[in-house]
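Some structures are shown below for you to check.
Two complexes are shown next, each including subunit A; its partner changes from subunit B in the first to subunit C in the second.
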Partner chain A sequence: MDCHLDIFFLEAVLNGILLAGLLALLALGLNLIFGVIDVVWICYAELVMVGMYGIHHAYKAGVPFPVAALIGIVLIALAGAALHHLVIRPVLDSAPINQLLVTGGVLFLLQAAATMAFGIDFKNLGIRLGSLGFAGMSFSWSRVITFVVALASMLALWLFLSRTYIGTAIRAIAQDRQIMPLMGVDSRRVYLITSAIGGGLAGLAAALMVLQYDIYPQIGLQFGPLIFMICVLGGLGNMLGGFIAAFIIGQFIAIGGSCMATEWGYATAFLFFMVAIFIRPQGLFAAKS
Partner chain B sequence: MLELRDIDAGYDGFQALFGVSMQVAAGEAVAVIGANGAGKTTLLRVISGLLPASAGEMNMESVSLRAIAPHRIVEAGIAHVPEGRRLFPRLSVESNLKMGAFAPAARARFAERLDYVYSLFPRLKERRAQLAGTMSGGEQQMCAIARALMSGPKLVLLDEPSMGLAPVIVHQVFDLVRRMRAEGYTVLVVEQNVSQVLKIVDRAYLLEVGRIKTSGPAAELLASDEIRKAYMGL
Partner chain C sequence: MNFSHAKLCAGAVACAVTLAVAPVSADVKIGVIYDYTGPFAAGGSKAAGIGNKIAIDMINEKGGVEGHKIVPIYADAQSKTDVAINEAERLLNDAKVDLIMGVYSSAHCVPMAAKVDAAKKFMWANVCVASAVLKDKNLQYVFRPQVHSDQFGEASCTFIAENAKSKLKKEVKDVKVAIIHEDGPYGVGVAMGNEAKCKELGMQIAHKEGYAATATDLTALVTKLRRAQPDIILHTGYNPDITLFLRQSKEAGLRFDALIGHGAGYGQIDKLIETFKDDVNLFYNVDPVAAQLLDAKTLKPGLGDLTAEMVKRYKAESGAQEVPPHTSMGFNQAWVFLTDVLPRAIKKHGGFDPEALRKAALETDIPEGGTIQGYGVKFFPAGSKMAGQNERSSPVVMQYVKGETKIAWPASLKTIDAVLPLPKGHAYAR
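== the complex of A and B ==
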């Protein structure tokens, strides 16, 4: 343990905030799906993984990065809609455990398929953006860009949900499913659109993550539990709660990692999570009853 | 305007409506009365498409309601104010009204109709940013009716509008139904409060265990000994 309130500590705190932007974006997609459709996509991080491979291949084929990123977002948005149509819809009225099991099946299917298709090597885009020096501290540009884009996209989603008809329907359907036909709303269409948005958010996260992380078939196992933990901590389905929880967990990881070792950062984050869930099983900011 | 012929409907393994036939003409206010469990709510749910009919015919003007998807029925000019109001409790009043105008044709006239319902219910305008679930029961009933009017309906189905409200508010709600008639809406209302509702409608149907037992002008039913004994406790 080696911790002082010095510039390295401040750097760790700020890096934790930058990381939290990405975590919040990842949690938002999962929370949106759960809040609206009442199903947990356990395979959410695997969609991100597929998106990362998609962007990697497009980029390596000579497509400029912004276009490759857009391809990744559209690809995973379509994958999200397909996941809903093919896997979730048949079990929509089944017990939650069955819904978990089918999306868990998709998790292992995607992982195995990625291993077969892309091998187990770590892949990297090879884009180097350098770092931003600031008051004696240093932050990698890829993290800064990730943070800004993640926040901007969350703001855009919030505007969409609060201003548009379909966004209002997405919020309404989570509160009363049965009467949606009386409003002239086709629930199946709202679910499909929500799934595509949830997938699109995973695709966007993939586009940001390829700038920072190596790609390998099991990367979902590194992020999946973390995303799930953040969602539960914030109150599953509560998008604002997930956002705040991401910043709490980001600090545990960054400060724990800076004062001790990176692994300890994750360990303390999960320890905090367990204690928090003992005390508040519904999550820190539970809104749904 | 609305015509039902020999409608059967029910839930899993349980039939709730048996050969129900009825008509509602344009500009009329019609009540469906009956005891708890007689099938009144089921009848409205069948008309608005929440529950599919298993047999019979059902037409709104020239549209066959059984042939179109449930979420299209509102576009045929039918708005349903469901039992217990069923507002979206964690959406603002104005977002609730927006949901009432979800259908494409209604969206185009959102601003105009919003002005109209706010002029009918100035209280809602004051509370437009408030979460619907935090309002009083009477205000919620106003909001539920306003939400229904946002679709620009010709026929409004009201399910137990007085349910769960204090007696003084019940009075206001019945006044509201009168005003809707004056505004030119055709109204089909389901009520347990038989003596009150028969004073504000033209005609009524009496539903007993899923069958139309009798029907007639409201004044006639109000004077009938049988109905006074069975439903008004007189």
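== the complex of A and C ==
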């Protein structure tokens, strides 16, 4: 343990907050889907990967980046709806393990398909946004933008769920999946819309990640375990809990990595997760069931 | 003995004589393992696999080895250690191959070599470099003509020491290096070599740290490097960790006099340029040399033509313009086996079972200049600290100059006077 409380330490803390923005955005979509449909999309990070490839191809074909990003978001929103319609809906009443296995199958299918379609090379857009420097510290603009967009997405989703009719229906279904259909709510439509929104959030994450990371078929494996850990820590299905958990994990990675070796930052994050789940198996921010 | 008995005996003798003098036509089955998919594929494994295949194809076009056709069975380790081990077991036990060849990742190589040796099967390691594959293991049936990681670490430190005064205008003792590496056997092995040699030469180790190659964020590491302010960064990694590090370093304003990579992701210059453009200009890479960079006149006659053929076939097969060092590694080691070890095993030791191959490998004695990568081949015998390792292998320090690869070290092979430190205006220059 070698902590220097200097400007570089502060930089590490702020970098942890910026990283948490991306992780929070990734957790948001997954939590929304689980909270409403009660199915864990193990393949969520692979949808992000497909979105990254879509944006890459659109951009390299000459489409301006904002439009390419929009295409990516729409593409993955449609993919999310299709995933629900074709894969999830048939197993909605199956045991949770079957639902996990079927989305796990989609994970491997998407990875293999991406390898076949796009090859093994690492791809990137080549867009450089530079960095923001102040007080001797330096931060990537792409991460700052990601952080701001993640906060805005959280706010927009909250407004949508609390101020719109369909948002209210989504919240109602999330509270009681058995009763609401008896009261006239079309649960199939709500599930489809929720899946599309969850997919759209994955597409949005993809649009921000292409500015920071290389694209390759296995990138989902880099983020998948971390996202699930955050969702479970925050209380699976609890969007606000997941958001806060992302910032806790981000700080473990940043401060742990700053005071110890980088890999210890991840190790301490997972250690904290294990201890927290021993104490509160339902997650830190979930009500006890 | 009546007539018919005599005829029968004569016939049997004739058959036996015929069988004894007839060419043996059994195929030599080789299990070739590389990562053709997954992150390692683009980090050089596929390039090495193609090089290996070219060598086998060329040998088969000449009729095989001593009348035996080479039958390769290619297996994809998918950049996963468990898959690599399972594939090795499948090839040995189900496909009944005569030997295992190839292997890119040291993380695969370390457990695989131990398993193959314990089963008394033969393995010829072409690319993986971790010293830990063989060091203090006393393996009997595993041989590696390739350079090992201790040598990688030593090469970069020696290069810095030789250039400190003239280029950096510093005494060696005043040079600060940072050693960063992925935390698998390959990264750890090279970093240990770096640390031992740089310390021995009197340099300061400003920072040393490992990280997981799958890390999603390396900003904490970059921040620590900014605090430590090393003159030189010695980096060992795969992809995508190398690109993540370089991207986050630039954004965070990390500056240094030089960056020396050690193979893997740094061996793929065309990919690095595609991603970082001029930002990677003048970076260094330690690796066994890409054969096409050597002056053919320094090699055994005919090896220049062999290299040219390898380059021609690689470009045709991959569509790439730049031929990475990994292609030479895959080709060269396979070529040494097929043209030196295997013929001797068949002719002198009666076949190509593990024992015959082991004896033939231990008799290998190729002098310097006898392979397309310049180094010779002679293996440390059983009982020595590095049993099975080529004692004549050596890496070079290469520098990327405007997309071209030049040799900066050792002096006997160099094709450029090293550009050090990074000139003003470079993205990472101080």
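Rule of thumb we're sticking to: the second predicted complex is superposed on the first by the 282 of 289 C-alpha atoms of A that agree within 3 Å, B and C clash if a C-alpha of one lies under 4 Å from a C-alpha of the other, contacts with A are read in each partner's own complex, and residues count from 1 in each chain.
By our rule, contacts are C-beta pairs under 8 Å (C-beta built on N, C-alpha and C of every residue); 3 or more make two chains touch, one makes a residue touch a chain.
The structure presented is a predicted model; accordingly, all values stated were derived computationally and were not measured.
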{"item": "Which of subunit B and subunit C A:Tyr213 touches, first, second, both or neither", "value": "second"}
{"item": "Contacts of A:Ser258 with subunit B and subunit C, given as first, second, both or neither", "value": "second"}
{"item": "First, second, both or neither for A:Leu221, with subunit B first and subunit C second", "value": "second"}
{"item": "Touched partner set for A:Gly133, first subunit B, second subunit C, both or neither", "value": "second"}
{"item": "Subunit B versus subunit C as contact partner of A:Ala95, first or second or both or neither", "value": "neither"}
{"item": "Subunit A residues touched by each partner, larger count belonging to subunit B or subunit C", "value": "C"}
{"item": "First (subunit B), second (subunit C), both or neither touched by A:Asn124", "value": "second"}
{"item": "Subunit B versus subunit C as contact partner of A:Ala61, first or second or both or neither", "value": "neither"}
{"item": "Shared contact residues on subunit A - subunit B and subunit C", "value": "none"}
{"item": "Residues of subunit A touching subunit B in the complex", "value": "165, 168-169, 171-172, 175-176, 178-187, 287"}
{"item": "Residues of subunit C touching subunit A in the complex", "value": "36-39, 41-42, 46, 79, 183, 209-212, 214-221, 223-224, 226-227, 239-240, 243-244, 247-248, 250-253, 271, 275, 277"}
{"item": "In the complex, subunit B residues that touch subunit A", "value": "48-50, 69-75, 79-80, 82, 86, 88-91, 95, 98-103, 106-107, 151"}
{"item": "Subunit A - residues contacting subunit C, complex", "value": "4, 6, 8, 11-12, 15, 19, 115, 120-122, 124, 126, 130-131, 133, 138-143, 212-214, 216-219, 221-223, 226, 253-254, 256-258, 261-263, 265-266"}
